[in-house]
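In what follows, chain A forms one complex with chain B and a second complex with chain C.
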Partner chain A sequence: MPTTALTLADLAFLAQGAGLTLAITAVAVACGTVLGILCGILRVQFGPFWTAPLTFLLDVFRSVPLLIRLVLANAAQSIAKLGWGPFTTSCIVLSLYTAAYCTEIVRGAIVAVPQPLRRASRSLGLSWRQDMTFVVAPLATRVALPSWIGLTLGVMKDSALVLWLGLIELLRASQILVTRLQEPLLILMICGGIYFLLSFPIARLGGLLEKRWSPR
Partner chain B sequence: MFNYSFRWNQALAALPQMLDGARVTLGIALQSMAIGLVLAVVLTLCRRSGNWFAAAIATGWVEIARNTPGLFQIYMAHFGLGAFGIHLSPFTALLSGIAFNNAGYLAENFRGALTAIPETQTRAARSLGLSGGQTFQLIVLPQMLRIAFLPTTNQMVWAILMTSLGVTVGMNADLAGVTQELNARSFRTFEFFAIAAVIYYLITKAVTLAARLVAWRLFIY
Partner chain C sequence: MIEIQNVRKSFGSLEVLKGIDLTVHKGEVVTIIGGSGSGKSTLLTCINGLEPIASGRIVVDGIDVHGKGTNLDALRSKIGIVFQQWNAFPHYTGLENVMLAPRKVLGLTRQAAEEIALKHLTAVGLADKLTVYPTRLSGGQQQRMAIARALAMSPEYMLFDEVTSALDPMLVGEVLDTLRMLASQGMTMICVTHEMKFAREVSDRVAFFHRGVMAEIAPPDALFGAPREPETRAFLAATH
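And then the complex of A and B:
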């Protein structure tokens, strides 16, 4: 029986780290989704020409590594003397990251709603807002939800990078324990196990929804 | 509000070093993609083989690669393997971490692509006298790679972005590593990282564009 110096208190420390990972993910996904829906509707409504600056900006958020953007945002906020803590900075950067992907998902989902259906609803006297809420939203949600679940899981995994700003989330917590206990394999495996347990069931749910809701 | 004097000259003077780093970054991404593609084909074969042991290993690989952070995988290669007496350099750890991740995602893409290839083609090829290996190599594989081409280019972009994680395990030759080292020397964080961001953007755009051109040349029916 191999022995380990890992104690229950250390596991609680890891759990605390996992809590921070989940907190950052929740804030980033919530803000990012709202922003993404707004930008997605804007992109569909005003066409590619007028939203080109927005598209370019969101493209930059997708094409520059998250780590670089976190460092850049942290430097920028200290230059501008905004006084944001690392948690706020990480949440903002991750929200924009989420929004960049969410915009594409939302746009694709809205475009996937058949145009004749929307014309029909408008000719029946529904306003644009009613058309959006009662016709487009339910249909687009079915298209968007599986990819949105994938995006949420991606954000959770990428939130590991906020350790660079000094936040003690799950991966950083495991690294601290590794430094103290010198048992990298065991601790990293526990850490990976926690990530896997958080991510795998939801990924499966997403896959199931995708299968069940895909148009036949 | 702003009480900071930007020193862009100082940062731009280091541009040649950073471009060298960019070349290393692109090199790592390409190597990891090459290894990842080969591994992904092997994983796909394992999952189709009907041998439950090989299939279980391949499925485990794919699920672990897809459900844990890329940074965790790099840490595992760098710190975790030390328990077995395997001590990888930051470069090898980074490369193997990204290749592991690529292989998992690409294998999943290939699985999706395979569903688009009719089973009847395999049967037709077999009845024409091709062996199982020949059928996969000559009939299934080319179509699979073609269908999965677009997701593969996406994965290439991901690989480029993931190379920036090498800095957390002490990699100092790639773009992020070079930038971090310059930053540690001068504390011109914003300038250096802004330039790095622009370079990363240009690399990913160049790769996407190149992939479009290749797809346009290759996939004319």
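And then the complex of A and C:
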């Protein structure tokens, strides 16, 4: 006979799910951000014409629902016999998803750095790389930060969709417990609370940095 | 020495420089006056290679600015330029603004760069604004900071593009004083300006630009006292 009380083991089960959510989010945001910065710089540097194929690809990644892409990617990798597990597949799909949005954020932030400032830095003899490092990067980061935090939090919630590949992340773990314990309200509240605990530090970090960087 | 030889430059179908010839010798101060859109700013940005040219040559100390393989970053570190709009880096303090290029381009240590920055900020009267961010500086102070920032690279040439025209009349004087000081120290300068009195006072020669052509160039007394060209006369009459 199934027990209806929430045990410590159940909480550990939820925590394990949360760990998976956090891991997938961390990998996707890290890889997606690096890729997004690269693509964003490429887009600014080479202009819309030469980067049209890249833009098209990113548009596809932004417009096709994540769930469909996850399932398609999983099917594709198994047809191609790549032997990726669901975790790898999820990370790759979510990384590309993050990269697609991040590219736009980065592009917008670089373009927001006033052209005259860049001329001034180049006229002092700074190379393109130095200009990017010491003038563009700090200023663009300030512009990009709020959208990037939003993206990160979004990816964390959207990562729940990987349960369709059979991964037991936070949401799936809660579902399993709900089915067994028949206590949907309590468990979903706990689950929501955990999502909040995961998101809160990131949102706070964003707020702190913004405050620190605001014009003095 | 800056040698500008038959330089032409277009933006799309608009020819902005129509064959400019001008040689500026070491220690000389040349001011450029002329109507809006006559190509004055464009010429300055061509001199340090921020803008490409269509034909002709610009040679600085024997180096062809627009030649293939010219190290523009190295060349730019000896040609300072200050623009009409003050372009302080908003994320750096006054001191950091001035230290950036000496540290990164010249490879100086933090201490050496700080010393140089301090010297130039003091010279332009900003010794009390070292740790202040640009948003807290007035237009005139930001402009003087931009001048100090350019000077900290120990440039051999300075190009000034209407450095006072975005300033309050109250603040124009302090910036012009800085330029006068530089001129008296023997800096080689090309100044685009609308301040006729200043041009008259500091220049060795004054050039009048009209629709992409250097219509006239002469010592200030000659150009202001007895302009040869009808366009020069019309321009001077309109600005007085």
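What we mean here is this: the second predicted complex is superposed on the first by the 195 of 216 C-alpha atoms of A that agree within 3 Å, B and C clash if a C-alpha of one lies under 4 Å from a C-alpha of the other, contacts with A are read in each partner's own complex, and residues count from 1 in each chain.
The rule we apply is simple: a residue touches a chain if its C-beta (ideal position, glycine included) is under 8 Å from a C-beta of that chain, and two chains touch if they have at least 3 such contacts.
For clarity, every value in this text was computed on a predicted model and none was experimentally measured.
Look at A:37: by the touch rule set out above, it reaches neither chain B nor chain C. More residues of chain A lie in contact with B than with the other chain of the pair chain B and chain C. With both structures placed on the common chain, the touch criterion links A:134 to chain C but leaves chain B unconnected. Look at A:69: by the touch rule set out above, it reaches chain B but stays clear of chain C.
Of the two partner chains placed by the overlay, only chain B lies in contact with A:171; chain C stays clear of it.
Look at A:121: by the touch rule set out above, it reaches chain C but stays clear of chain B.
Once chain A of one complex is fitted onto chain A of the other, the partner contacts of A:160 are limited to chain B, with no touch recorded for chain C. Partner chain A is touched in their complex by these residues of chain B: 1-4, 63-64, 66-72, 75-76, 79-84, 157, 160-165, 167-168, 176, 179, 189-190, 193-194, 196-197, 200-201, 204-205. Per the touch definition, chain A reaches chain C in the complex via residues 114, 116-117, 119-127, 130, 134-135, 138-139, 142, 213, 215-216.
Contacts from chain A toward chain B in the complex involve residues 60, 63-69, 71-72, 74-76, 79-81, 153, 157-158, 160-161, 163-164, 171, 175, 178, 183-186, 188-189, 191-192, 195-196, 199-200, 203. By the touch criterion stated above, chain C contacts chain A in their complex at residues 45, 48, 50, 73-74, 76-77, 79-81, 83, 85, 87, 89-91, 100-101, 104-105, 133, 135-136, 146, 149-150, 153.
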